[in-house]
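One chain, subunit A, links the two complexes that follow: it is found with subunit B in the first and with subunit C in the second.
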Partner chain A sequence: MSGSLAPRTPGLFALAAAGLIAALASGRPELALLSMPFLVFAGAGLILAQEPRLAADIELDRTRLLEGEAVVATVRLRNDGSDSVQVELAPVRSRNLALDPAGVVALDLPSGAVAQVAFAAHPRRWGAHSVGPLVVRARDRLGVTTWAGRLGRRLDVRAFPREQRLRELVAPMRTQPFLGTHVARARGEGIEFADIRPFRVGDRVRRINWRATARRGAPQVNERHPEHSSDVVLLLDTFEEARDQAGGTLDSAVRAAAGLARAHLARRDRVGLVDFGGTLHWLEPAFGITQLYRIIDALLASDIAFSYAWRNVDSIPLRVLSPGALVLAISPLLDKRSVALVTGLRRRGCDLTVIEVSPLDHISPGRSAADNVAYELWRLQREALRARLQSLGIGVAVWERDGGLGPALEGVNTFRRSVQHAVPV
Partner chain B sequence: MSLAALVISDAGGASQVAWLGAGLAAVFLAAGVVGGSFTTVHAAIALLGTIFLLRQDTRLLLAAPYGAGLLLIDDLAAQTIELSGVSQIELAVMGARIRAVLVVAAIGACASAAAALAVTAARGRSVALTALGALAAVAAFAAIVRPLRRRYGTAATAEPAAAPAAPDEIRDGADGGARPEAAR
Partner chain C sequence: MKLLAEVGLVVLAGIVVVVCVSLLPDARPTRRRRVAPPAPERPDQLVALERLVVTAGTSAVHVHAYLRPLLVEIASRRLAGRGQTLERMPDTTARELLGDRLWDIVRPDRPFPEDRQGPGVAPQELRAMLGVLERL
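== the complex of A and B ==
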């Protein structure tokens, strides 16, 4: 810890010196007598002051939590010195972590004593946050000298996004040849009935439909749709966001992505992630709970990165966008590059759905009539863009802040069924 | 207030000036505490000390408790400024500091009273006595400043008066999150 005089100490000396000099100059001993307590105070404070020997430790009751929950950071401060000290302490924290008590805590710490302070840490949003080290300022008993420094270590807290519970998901157009829960269009071994056809050499006897065989006079077998998995790629648009005090579109987008990833992985789909914005990051599709944690870890690091770089479909590695993969683009559709990417993917024949995280909830129309007109124009432009995307066969689910993601996805499934046989433009 | 009353009650014809000085000192003190400026607080203390000279009688007798009172005012104002940014204060913090300041102020008052006795016993003002006083003052400052320079260096670090604000540290990415290697 580095020591220095307290800000008031030079002033105390100046007062004492001024009194003494004035007394000598004017021959009024009262002035010297008035300055005597100041001189004794400052002198005693400086002579008795010792460098404090403080040790601090920070502990968290847990390091992983969900958005909206709180973690308790317990700070223990021990005075190993021989003199008591007054301590002001505040933990260093990351920007989106609110602490309670919010400011500085002042303690009196006698020699050999241990003080314990509990800070409740509330993440304001999902993300990787940190608490610590402690910024500590110690004063001697008279407050003439101060010692400042950082004690303890930094501890990380990961706040996972509060996911949307989804009962219905976007059904993929094509499936992969792995066991899953989606009814494939192809015929093979499965549960869902597809059709009846004449018996062929090699067919299993248990597949024979005896009623149809009796009616037609020749052996008939049941055909079924197999249950396959699909590849799902979550495309997170991090070019731009709309934000107000309550949050931003990126916050909602990450919550949607985490919910979709969990739901699709639970249905035995392979899920991948592309963080498409100023910087490009991706995770190749994979199965399982490990992949879910990989995706959530990658989502926690998502942020809007300003960039002039014009990225398009070619920037995304081919192995991420496997043939037949269902691409779920989660975007506020605010940046032209995002719109170009979405249309580019569709033109390449991707099975694509856009989950539009509505920015309208975060933007108010303004007060003047001109502002209102501009807002209405912008809103109409967005509707026109949506209609253009739908005309290309892209399902657009509009997710508003107050509504759930589930109902928005139900609407888009209806749209996708209607354009299922449309040829990509 | 009581210090000002002590002066005004015995200022005689200069009571108007004493009123003005006390009023100005109160304004400076309030401004210093609100604005967090130690200089303004010290100016108020200096003003209160100066108006003490307006008192006509028993100045030497009252100088010691008056000086201790000035020190207490200064320390209370300093504590108010220093703890202005603190959101949670343990009661012991104020108690321990006030006890220590009271003890030191009492010692200072005693030293002041002893000096007053010495002044009363002295025969009168002379060049030799003035020189001796000046030498004693310089020696007292030197005795304090020398260990100070040894301990803290030549220049004291400029430091904010109020308590340190709870610092934010903005780290790379979304609050310092590390991406998994697979995401690169």
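== the complex of A and C ==
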């Protein structure tokens, strides 16, 4: 800990000096006598001052939690010195972590005593946060000298996003030849009935449809659709966001991505992630719960990174966007590069759906009449953009703050069914 | 009398000292100033449009070069829902649907304004046009 004069000490010396100078100037010893107590007090404080021997430790009751929950950080401060000290302490915290109590905590710590203070830490949003070390300021009994320093260590807290519970998902147009839950268009071994066709050499006897055989006079067999899985790539737009005090579009986008990843993985789909913004990160599609944890870890690290770099479809590695993969682009559609990306993906024949996290909920119209008109123009411009994307065969699910993601996805499935047989762009 | 003055002087000096000591800063930290919550981040798209609405009110060139493409895109998408296009729409139908002023701006054969300093579109006028587009 580094020592320094307390804020009042220079004042004490200044008062003493002023009294002595006044005594010399006026030739009156009473003024010198009057300044003596200040000099003696400040001098004694400096001579008797000893650096306090403090030790601190921070403990968290858990290191992983969900958004909206709180973690308790318990601070233990021990005075190993021979004198009692007055201590003020406050833990260092990351920007999006609120502490209760919020300010500086003051304690009188006798020699050998241990003080324990509990801080409730509330993450304001998902992400990786940290508590500690402690900023500690101690002063001696006379209040002439202070020591300040940092004690303890930094502890990390990971707040996971509250996921959207989804009952309906975007149905992929193409499937992969792995066992899953999507009814494939292809015909093969499965449960869902597809058609009846004449018997061929090699067909199993159990597939014969005896009623159809009796009606047509020749052996007929049932054909079925197999149940396959699909590849799903979550494309998270981190170019720009709209944010107000209650949160931002990126917060909602990450919640949506986490919910979609969990739901698709539960349906035995392979899920990958592309964090498409100022910096580019990706996870190749894979199955299973391990992939879910990988995705959530990657989502926690996602943030808006300002960049002038122009990125397009070519920036994304081919192995991430496997042929036939369903791409779910989660975006507020605020950046030209994001719009260029989704149109570029569609032009390459990608099965694409945009989940538009509406920025309108986060931004209110300006104060002036002109700003109000601009806001209306912006709203209509966004509607026109949405219509342009839909004309390219891209389903757009508009997710507003008050509504759930599920109903928005239901709407987009209806749209996708209507364009399923449309000519590819 | 002199003694009384000296006593008074000492008392005055004592008062001055007490006042000075009370004015000394306390060793405790000063109360932290409350930091105002951050202002909402306005997207660049919206900020650009706010500027455009202001500049379009002052210059015909801005209306033609920057505001017109936006209005054309919005009108095209809106008219597409009615099976109409700006290019093929008869003049009378267009004036009926869009109004004279909006049609003058979005019609495909609109020439570049001869008077570069000519009047633009005031925000109130633009609001009326947007109302027309929204009702389509």
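Throughout what follows, the second predicted complex is superposed on the first by the 404 of 425 C-alpha atoms of A that agree within 3 Å, B and C clash if a C-alpha of one lies under 4 Å from a C-alpha of the other, contacts with A are read in each partner's own complex, and residues count from 1 in each chain.
Operating definition for what follows: contacts are C-beta pairs under 8 Å (C-beta built on N, C-alpha and C of every residue); 3 or more make two chains touch, one makes a residue touch a chain.
Being a predicted model, the structure only gives us computed values, none of them experimental.
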So, after the overlay on subunit A, do subunit B and subunit C clash or fit? They clash
Under the stated touch criterion, which partner chain does A:Gly248 make contact with: subunit B (first), subunit C (second), both, or neither? second
Max touched-residue count on subunit A (subunit B vs subunit C) belongs to chain B
TODO: May I ask you to decide whether A:Gly278 touches subunit B, subunit C, both, or neither, giving the answer as first, second, both or neither?
DONE: neither
Report for A:Leu300: first if it touches subunit B alone, second if subunit C alone, otherwise both or neither. first
Self-check item: Touching partner for A:Leu31 - first (subunit B), second (subunit C), both, neither
Solution: both
- So, does A:Gly404 touch the first partner subunit B, the second partner subunit C, both, or neither? neither
Ask   = Where does A:Leu334 make contact in the superposed view: on subunit B (first), on subunit C (second), on both, or on neither?
value = second
>> Contacts for A:Pro359 in the overlay, against subunit B (first) and subunit C (second): which applies, first, second, both or neither?
In response: second
Task: Check the residue A:Leu380 against both partner chains and state whether it touches subunit B (first), subunit C (second), both, or neither.
output: second
Ask   = In the superposed arrangement, which partner chain does A:Arg137 touch: subunit B (first), subunit C (second), both, or neither?
value = both
The clashing stretch of subunit B against subunit C, among 60-68, 78-86 or 96-104, is 78-86
Overlap of the subunit B and subunit C interfaces on subunit A comprises residues 6-8, 11-12, 15, 30-31, 34, 88, 103-104, 106, 137, 139, 143, 146
In their shared complex, subunit A is touched by residues of subunit B numbered 38-39, 41-42, 45-46, 49, 52-53, 59-60, 63-64, 66-68, 70-71, 74-75, 78-79, 81-83, 85-90, 92-93, 95-97, 100-101, 104-105, 107-109, 111-112, 115-116, 119, 125, 130, 133-134, 137, 140-141, 143-144, 147-148, 151-152, 156-157, 159-161, 163-171, 173-180, 182-184
In the complex, the residues of subunit A that touch subunit C are 6-8, 11-12, 15, 30-31, 34, 88, 103-104, 106, 137, 139, 143, 146, 240-245, 248, 332, 334, 359, 362-364, 366, 369-378, 380-381, 383-384, 387-388, 391
The residues of subunit A that touch subunit B in their complex are 2-15, 17-21, 23-24, 27-47, 84, 86, 88, 90-97, 99, 101-108, 117, 127-130, 135, 137, 139, 141-143, 145-146, 148, 156, 158, 273, 275, 281-284, 294, 297-298, 300-303
Note: in the complex, subunit C contacts subunit A through residues 10, 13-14, 17, 20-21, 23-29, 32, 37-38, 40-46, 49-50, 52-54, 57, 70, 73-74, 76-78, 80, 123-124, 126-127, 130, 133-134
